[in-house]
Structure formats: C-alpha cells, structure tokens
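Sending over a structure as structure tokens; questions will come in a sec.
Think of it as A, B, C and D in the order they're written, each chain with its own count starting at 1.
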Amino acid sequence: MTTTGTVDLRAYLGHVELPNPVLTASGCAGMGRELAQFADLTRLGAFATRSITMAPRAGRPTPRMAETPSGLLNSVGLQGPGIEAFLEEELPWLAGHGVRTIVSIGGGSVAEFAALARRLADATGVTAIEVNLSCPNIEDRGRLFARDGSSAAEVVAAVRGATRYDVPVIAKLAPDVADVVAVARSCVDGGADALSMINTPQGMAIDVDAMRPALAAGSGGLSGPAVRPLAVRCVWQVHAALPGVPIIGMGGVLTGRDALELILAGACAVAVGTALFHDPNACPRILRELEDLLHERGFDRLADAVGLAHRPVLRNDLKESSL
Amino acid sequence: MAVTPVQVTGTVLTIRRVDAYHALTVVAPAVADRFRPGHFVTVSTGGPATATLTRRAFAVHDVKPDYGGTVEFVFTVRGAGTSWLAARRARDTLDLVGPLGRPFPLPRDPCRCVLVGSEYGSASLFALADVLQGRGCRIDFVLGAASADRVFGALRARRIGETTTLTTEDGSLGMRGQVADVLAGVIADTRADVVYACGPRDMLRAVTAVAIELDIPAQVSVEEAMACGTGLCMTCVLPVIGDDGVTRMVRACAEGPVFRGERVRFEDVGTIPFDALGAPRGLGGMG
Amino acid sequence: MTTTGTVDLRAYLGHVELPNPVLTASGCAGMGRELAQFADLTRLGAFATRSITMAPRAGRPTPRMAETPSGLLNSVGLQGPGIEAFLEEELPWLAGHGVRTIVSIGGGSVAEFAALARRLADATGVTAIEVNLSCPNIEDRGRLFARDGSSAAEVVAAVRGATRYDVPVIAKLAPDVADVVAVARSCVDGGADALSMINTPQGMAIDVDAMRPALAAGSGGLSGPAVRPLAVRCVWQVHAALPGVPIIGMGGVLTGRDALELILAGACAVAVGTALFHDPNACPRILRELEDLLHERGFDRLADAVGLAHRPVLRNDLKESSL
Amino acid sequence: MAVTPVQVTGTVLTIRRVDAYHALTVVAPAVADRFRPGHFVTVSTGGPATATLTRRAFAVHDVKPDYGGTVEFVFTVRGAGTSWLAARRARDTLDLVGPLGRPFPLPRDPCRCVLVGSEYGSASLFALADVLQGRGCRIDFVLGAASADRVFGALRARRIGETTTLTTEDGSLGMRGQVADVLAGVIADTRADVVYACGPRDMLRAVTAVAIELDIPAQVSVEEAMACGTGLCMTCVLPVIGDDGVTRMVRACAEGPVFRGERVRFEDVGTIPFDALGAPRGLGGMG
C-alpha cells in the first residue's frame, strides 16, 4: 500500500489504518472535486472536509484573505451548504470515488456538535470525525472551545458518545492557548482517539493604504510556513506528555522535510493545508519526498520515525549533530 | 464544460514592456492547448523558499503555437509578487497553473459584440475577438484607462474591430472619461447584441448598468483577491444570483471569473447580503 | 526633534517624550556599542537593553538559533553579566553618549524583579524600565509571568513601587496566552504606565538531518515577520480594550510600512528586533520610510495615526478600500 | 583594533565554479579598504521579500583594487541561502556587511608560519599568507578536504608556500587522512613558530591539540551558526578562557572568529561548562 515501495508508510488513527500519512487539512481542499483535477484523492492518506455545520453558512464578507510573510490570513468563516447538503451531495461523491474521508464538524454548542455527530452516525464513507474546536461557544460569550479544556472535553465526549465505536474521533487544537498540553489532556480524557494540531492562531493585518484591517472580518486565522514552529512545538509538547495518543500534525507543511519535522516531533500523520493553494500537487509530492527522506535515513517503517527526536541525547549524538 | 487545468514549469520566452505594462510569454503547451478566451493562469512568485505563498492570477492575453504552445499575459507591477515577475528574464522558469476559470461563453449564431476593457483588463479581449470573428460576429471595441500609457491594445483593437472607441480619465487619449460613459452610444450605433467586459469592479458595475438599461446581456470578467485560484480556499467569493433566484456567495475563480453581469450583486460585494443563502441571522458569528 | 522635518514624530510613554517612535527591541541591539557602528543611537526614539538579570548568566547552550520561514527561533536565555556590571560599565556608556535608554529587567520571582528595580532607582540614564514578563516564575513551577495575569500584576506593582515616579514602567507581554487583553488589564491595574508587545511566542524546529531539535534548548522564541500578524492582532485587541494606555508595538517590523501597520493598530511607538540582524541600519531606514508614509497620507503628527484603523467603518470607506 | 564595518550594496562582478565551490566577486570598495586577513562578510539572501532573514557569513578570500575595490568569497551550497547565492549572475546586486570579526593577529617579527585549511576554510589563508610574506615570514601550507575536488587553493598554495602538504579523506589527492594527521610532521620539519588554521570545529580542535603538544601557539578561525554576525544577537557564543582564567560564553562574530586555539574549550562547545561565568546553578532555568 505504499507509494513506491521501500518504506512501510502506514499510519494509524486509533483502529483505522491509513495507507500513508499525508492528508489534506480541513478547509483547504474544497469538496474534493477541485483537488481531484490535480491529484488522485484515493492516493491520499485521507481527505479532510472543511468543517461541516448544521445550517448552510454564507461565511464572512470579503476580503477574506491577506498574504503575510510566509503565511496567509483567512477569515472564510466556515462557508458551506450545511450538513444535509453535505450528506446528499458531497459525501456520496467522495465515498463513491473511494476516498477515505475525515469529516470535520463545527458547531456553536455542545448540543450542536452532538447533533452533527448523530447525523453522521449512519452515513457511509466516514473514516473519522474531526472536531473543530476553534469555534466560538455561543453559550460562553463566544470563547473558543479550543481555549477552554473543560468545554472542549464536553464537546469531545458528546461527539464520541454519538459516534460508532469504529470511527475515531479526532480533537483539533489551536496553538494560541496558555497550555496546549492541558487542553489536549482534557480532550483525551473526554474520549478523543486522536488529536490534530494546529488550527490557525488568530492574527491580523492592516492595509496601510486603506488604513483599515486587511480582512473585512478584522482578524483571521494565520496559516502557512510562518506558523510551522508553533505547530512543531505543540506536537512536541503534546507527544511528550501523551506519547500513546496519535497526533495529526499540520501547520505550514510545504515539503517532505517539513512533514518529517512534524513526524520526528511526534506526529503519526501530517496534513497539508495552505501548501495546496501554492501547489495543487503538494500532497503526492510531499509523500514522495517524505518516503525518500525516510529511506535515506534507513527507516523501513514510518512508525519508527514518529517522535524520534525525543530520544534521550547521548554525548555522541551531540557531536554528530554538531557537525 | 470545464477544462482540466494543469500545473507546469514553463520557460520564459520573452518579457517586454508595453507602455505601462509588462508582457510575459512563457512556453507551456499543455496550458495553451486547453485555453479558451477568458481563462486565466496563476503563477508562483518569489522562487524556492518564497515568502509570498499565494499564487498570482493573470488573464491570458494570447496563446501561440510557437515551441509547442506559448501563453502570454500582461501585468502591472503592484506588490512583491509582480515586482518579482517583472524581474524575470528569458530562459528563467515559471511555475504556472492553468487554464483556470469559466471562459467567456460564445454566442451560437453570428451577432454584434461590443468588447469593453479597462486598463490591463483589455488583454483578455483579443483572443475572444478572434474566436468571435471566426464565428462571423461583428466586433467593436471600447477601451479605456486612467491615462494614455495605461490603455492596453488600442492598435490591435483598431486592426480587428469595426470601430474602436478609446477613453482616458485625464483626456490624454480618446474621449475624456470612463468606458461606461461612451458605452451606451457605441451599443446604439452598432446595434450590439451583447457586451463582453473585463476590468475593475466599478467599471464592470457601470458597464452592467448600461447593458441592463439597453436590455442586452453583459458577460463580465471579475477580479477578486484569490489565495488559490483553483476553487479550494473560498476566499474569492462574491454574491451572485443563481438561476433559482437565490443569492449565493460563489467563487470568482471556479464559478467565474466570467459571470452574467446582471447576476452579480456589485453593490453588495464586500458584504454578505442578508438574503444570501446561509447569511448570518442576528449576531452569532462562528469560526 | 523630528528627523527630516515635515511630520511631528514625537511619541509619549507616560510622562516621557521621545523624539520619534522607532526603538530597538530588547535583546536585539547588543549593549549599544555594536549597533553604534552602523547607526547613531541618539537618533533612536530609545534604545532598549537586553533583559538585565541580578546575577551574571551564561545563557543557554548552542545552537541557540534556527532560521524558520520569515522567522527566527532563538534560545539565548538572557545571557549577560548581571546588574552590577551593567550599572558599572554599560549604562554609563549609554548615558555618556546621550542615548535614551529603556532598561529591560528579567527576574525569576517578584522579589527579584523588585530588587532589580531598586538597584536601578538611583542610576542615572534610565529613561524607562521594561519588565520582561516572559520569564519563568520559579515560585510557580516555571510558569511564565506573562501567562498569568495575577502574578504579572504583582511583578509590575513591585517594580512600580520601587521606581521613581517620573520613570515609566512598561510591561512586556507575550502573544501565546488565551487572552492577552486580560493580562494587559492586570498589568495596567498593577501600575504599568505602558505596555509593550509582543515578546516571542514559543516555537520549535527539528533538524531533520540530525533528527534532533535544532536548538540545544529544545524550544525557543519565534521572532521576525512570521509573527507580525500575531503582533498586530495583540496590539489591536489591547488598544481596543485600553485605548488610553501607550503601547510599544513590536514583532516582525522590517519596513516603515510594517511600523505603520502596528501604529494604525494602536501602537504609539514601534520596536525593531530581528530586522537589526538582517539590516543593521534598519532603525533609521524605518523611521525615514515611516515619516514618508505619514507625509504621503497627509498626517502632520504621528499621534493622529495611532489606532486610526479602529475608526468606525463608513459605507464610503468600504468602497474606497475596495478599489 | 576593530575596524568599523559598513553595509553596502555591491554589484556582482563575477561568479564562477572552482571545483566543488562557487567563487563570487563583488564590487565593494568600502569593505575592501577596511579588510584585514581573517575578516568575514555577511550577505543578505533571497532578495526583497525574502523568507531567509538571517545573513549568511563568508570568510573573505581576496580583495582586489579593481573597480575601486572588490571582495571575493568562496562558498559551498548548503541550504536556501547559498542556493540563492549560487544563482546570482554578473551585474546582480548584493547587500553586504563587512568587514566583520577579529582578524588574524600578525607576528611582530618574521617567523615561520604553518597555515592549515580544511575545505573552504583554506580560502581565508591566502590573504594572510600575502601579508605574512610581506613581513618576511616563511609560509608552509597544509590543506585538506574529504575529496580532491573539495581541496581549495592547492595551486595557489604551491605557488606561495615553501611546502604544501595536501590530505584527503578518500585519498584522491595527497595523503589519505586529515590535516591534523600530518601537521606534527610539518611543524617539526619547518620548525614552525605558529599555526594559523581555518576549518570545521573538529579540525580546529585537532590542530590545536597538535600545537599544544608541540608547544607553539595556534590561531584558529571558528565557524559557529550566526544570526547577525555583528555582535547583536548572542547566538554564536562558545566557551573561551579569558586572560583571567575565567571561562566566558563569548561571541564568535565579535570576539572571534579568530581565537587562540588553546583558549577555546572545544570539548565543551554546545554546552555551558559548569565553571563558566554565569553558568546555571542547580536546575532553575530562565527565559
């Protein structure tokens, strides 16, 4: 099941086996059809949908994007046709084409998240559910679930409860919290089978000609290589604290080296977001590059590289790495 | 309908100044093969290790059969990406994705077409004119810009069009004013059946208003800020009324850039109209 | 007192008037002598020292730096000779050369911060004191003061209490907290005359060849243009909540446009850090560029631009900015 | 002692391959004027809107009086910055800061000097050799590398030096092995008074050990990762023993890159030795 053969690239999210660790990041790969023009979606480790909401959503006003150094600010605001249209049109298309699909869900309350999960429970073609915790909790004055361990845990528990036992529930975390490990631990205690990180930290740009925020919404989520150091740090910290929990690493992955960086920090799979805007062929390229890098370093199995940068430092290694 | 775009690394054949603009020709047979008038391409700027990640979109000006197929686009220097592009030289390579977007729809039968372009927006009209003429249509041009050096393609328009009307805001070439100011007259004189337009948003709005007034269709090619150009990111949306009468926030890159002018809610671009599908109710925002 | 004359560039930190708003960022301009080789330090709005500690500190092991896309990770670890040597050698040199000096201080406890402030109280040549709250609180298992409003407020209050009334105390905040406005408010309640932001969020890079963290210390602080969107967002949020409090904006300022971005978001002065490594002439260049931009936009006074991007949006502006 | 560095925008005069390396010559009179052997320069890479912010450091290989003063450095392609540099062409411009660092100290009286270089480290020895010869010193070279194509400057060394000993790890040129393996013999043969060395850390450590063993001073030019090169950032430190016997973490860019070999605690590079000034006591870390 590997691409070119020499390295066993299988990745595991709880009970689910993926043929390789390169996924798309939620909200960055359209409905699938757009990306399918460039890359074979069945060759992805998995395809993640944008976050599906209960009702149709028109999203935020434009401008919705601003380029920043090595990064991108966006304020799409979860535009989408709602879960009914998703179940009628989009999911069947993905399932029909044999695409392993991680359905991301976004809600404004614990109840809404639970309702979304229930609605998905008897749908065919759901490989895993990802809970987008970077949604404002309307019952807590809009505080993001991701910023509050206990409400994040509540959401995860509700989704876990409504979801078939063989479908993993993945909690998606944000980096702009005081203690990402604490939030991760709460989510795992709440029943998360895996974690994904990072969602976009909140950023902002000012258009110095208009002398206004560059985004109509004011602030937006920062993505791309600019945030990769934050992603690596989050993955590292959470893997150190919870070594048994599968982590999907994301944030600024453009190349196989970037993917390997997250894997060595502790991610067992890697998702590609903003890079797809830059290079619609990014996923297969990154997978190829990653396989080559693993092969060059003598790995037979991807799994052996996961978290390897955590191994204790020997005096000898110090010398080696200082060359 | 949609052609499948490709990503290619093309070699720059020429780059030259044309008045206020740069025209860049790149060898890209697979893009040239698939091209239809109204398509655009996107390019990656900044080279390897670039800090400018989003691709830049440019309307295709011309495709030629040389070297298996070349693509030319015309651009103005705005920020980091276009500055980098302007510094390319022959034999450099360029990462190109295209052709992208919904091209100009063509009339089934020969008819009278007015092609309206403003600034570099004129660039995408000439390939269209060639195809329309091939179908026996009559072509008239209205081209405008802020000043004479920013009017693109006046000579070529004069060669192809039955008539060509030029406007500049400073009066340095043709009539003083904007293209929409003279459009009603041109439509009346030529008894036009359809208007095709490409240019800034305000110009498209004004052109559409004239076309509606005179009760002929306008096909307009919009320019919205795009992070991907391929339909993935949902940043390039604008409110467009569907066949069912419902307003949706649709992607300029995938459903457009060419739309029926009267379907685009120009007044509401930059907002979510309250009656759009999925518009927020009350104050609760999310994500 | 402006550089080339047409715009009144004066900036105010509490009672203190600075001739212009372009400062150096703490820890990025050496002891002053190094930068003086390139730029006249008396032409700076002010010079900020690296964070001065009680005892001499050797800092962290090397490698201490890793380049990231549009950013820099560092783990210098407050290397310095300690406050006594600072008072004997460095401060007199700065004062003797007429450099307006913001002394940054770093401590591991409230008491240590207070002791540093007392030691500075009768020194000549201290224009302001900046409290580096991104130091681990040894009394709270190493939690950064900047991550905890109440201990940040305690530190600020202790420093304010030990400092002469006419020397402003500036609290320096970090972006990687759940709610930067809450921390800012605590600091102001604790007596801070001004705020500076942002210090570096914690990030990490893995050397994929050595398969180890790129920094010997593991993680480090992320600076440079990559973090500018986080800085703009923090300045914007804090200025919106506390419009009367002077803010020194910093984080990825490379050009006059970047400085203007922070000013329009609400900063009354701007500090330049990582850019000095890239361009040792950055400060005078940025000041020149900023003055030109203000002039082009019709400003007579810098002060009129501070926070201007917050003005209510009129329908007309929307159209203007969409051109 | 220290010269004042300057920041200049220089024009690239030539860039050429020299075996495994690239040699780039840039017009920079103000840097050339101030140059002394052992100095280095830093360059900004990636152009405007670069994502690679930290300047790259290179030892100066040569300065020449042409065009008012040129500076040449020799480099190997490693990552993004050096790849970008290797793609420069004549007439491109380069942002240069220099000369930087503490140059090689020169002996007051004529003496016998062994100059030891490994890989591109050899590049900084030739300007030194010229000055030493001007002072009546005898020069002998020991140059080495992993393989023949990575030995830099062997021909020039043969022209200048009384003797030149070459080593390669794969035995493709000269003796098989490393420079330090042959150094004791060369020092003995030439009855050398001092060693000057430039190259990777392990090589400098080995060279220093030989010099200590034979009781002559070694002046070594170290290469530590640098974020600024100008003494601002404190990232390039290594433990060096001062005149007072106290170990301090000193900056390779400002106090170095040339140090007395026996003062550098090579074994402890990458650590804070427990007896260094300000070393952490116990476990409390800060900042």
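What we mean here is this: a contact is a pair of C-beta atoms (placed from the backbone, for glycine too) under 8 Å apart; a residue touches a chain by one contact, two chains touch by 3 or more.
This is a predicted model, so every value here is computed, not measured.
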After chain C is dropped from the contact network, which chains belong to the same connected group?
-> one piece
Measuring from the mean C-alpha position of chain A to the mean C-alpha position of chain B, what distance in angstrom results?
-> 35
Please report how many Å separate the Cα centroid of chain A from that of chain C, as a whole number.
-> 33
Interchain centroid distance [CA atoms averaged], chain B/chain D, Å | 55
Specify, in ascending order, the residues of chain D that touch 2 or more different other chains.
-> 49, 51-52, 269-270
Could you list the positions in chain A whose residues touch two or more of the other chains?
-> 69-71, 224-225
Using the contact definition from the top, classify how the chains connect: line, ring, star, complete or other.
-> complete
Any idea which chain B residues touch chain C in the complex?
-> 49, 51, 200-202, 269-270
Within their complex, state which residues of chain C touch chain D.
-> 27-30, 34-35, 37-38, 50-51, 53, 55-65, 67, 69-72, 74, 76-82, 106, 108, 132, 134-136, 138, 142, 216, 224-225, 274, 276-281
In the complex, go through chain A and note every residue touching chain D.
-> 69-70, 225, 318, 322-323
Contact residues on chain B for chain D in the complex?
-> 46-52, 80, 83-84
Where on chain A does chain C make contact in their complex?
-> 68-71, 73, 147-148, 175-179, 201-208, 210-213, 218-219, 222, 224-230, 232-233, 236, 252, 257, 260-261, 264-265, 293, 297, 305, 308-309, 313, 317, 320-321
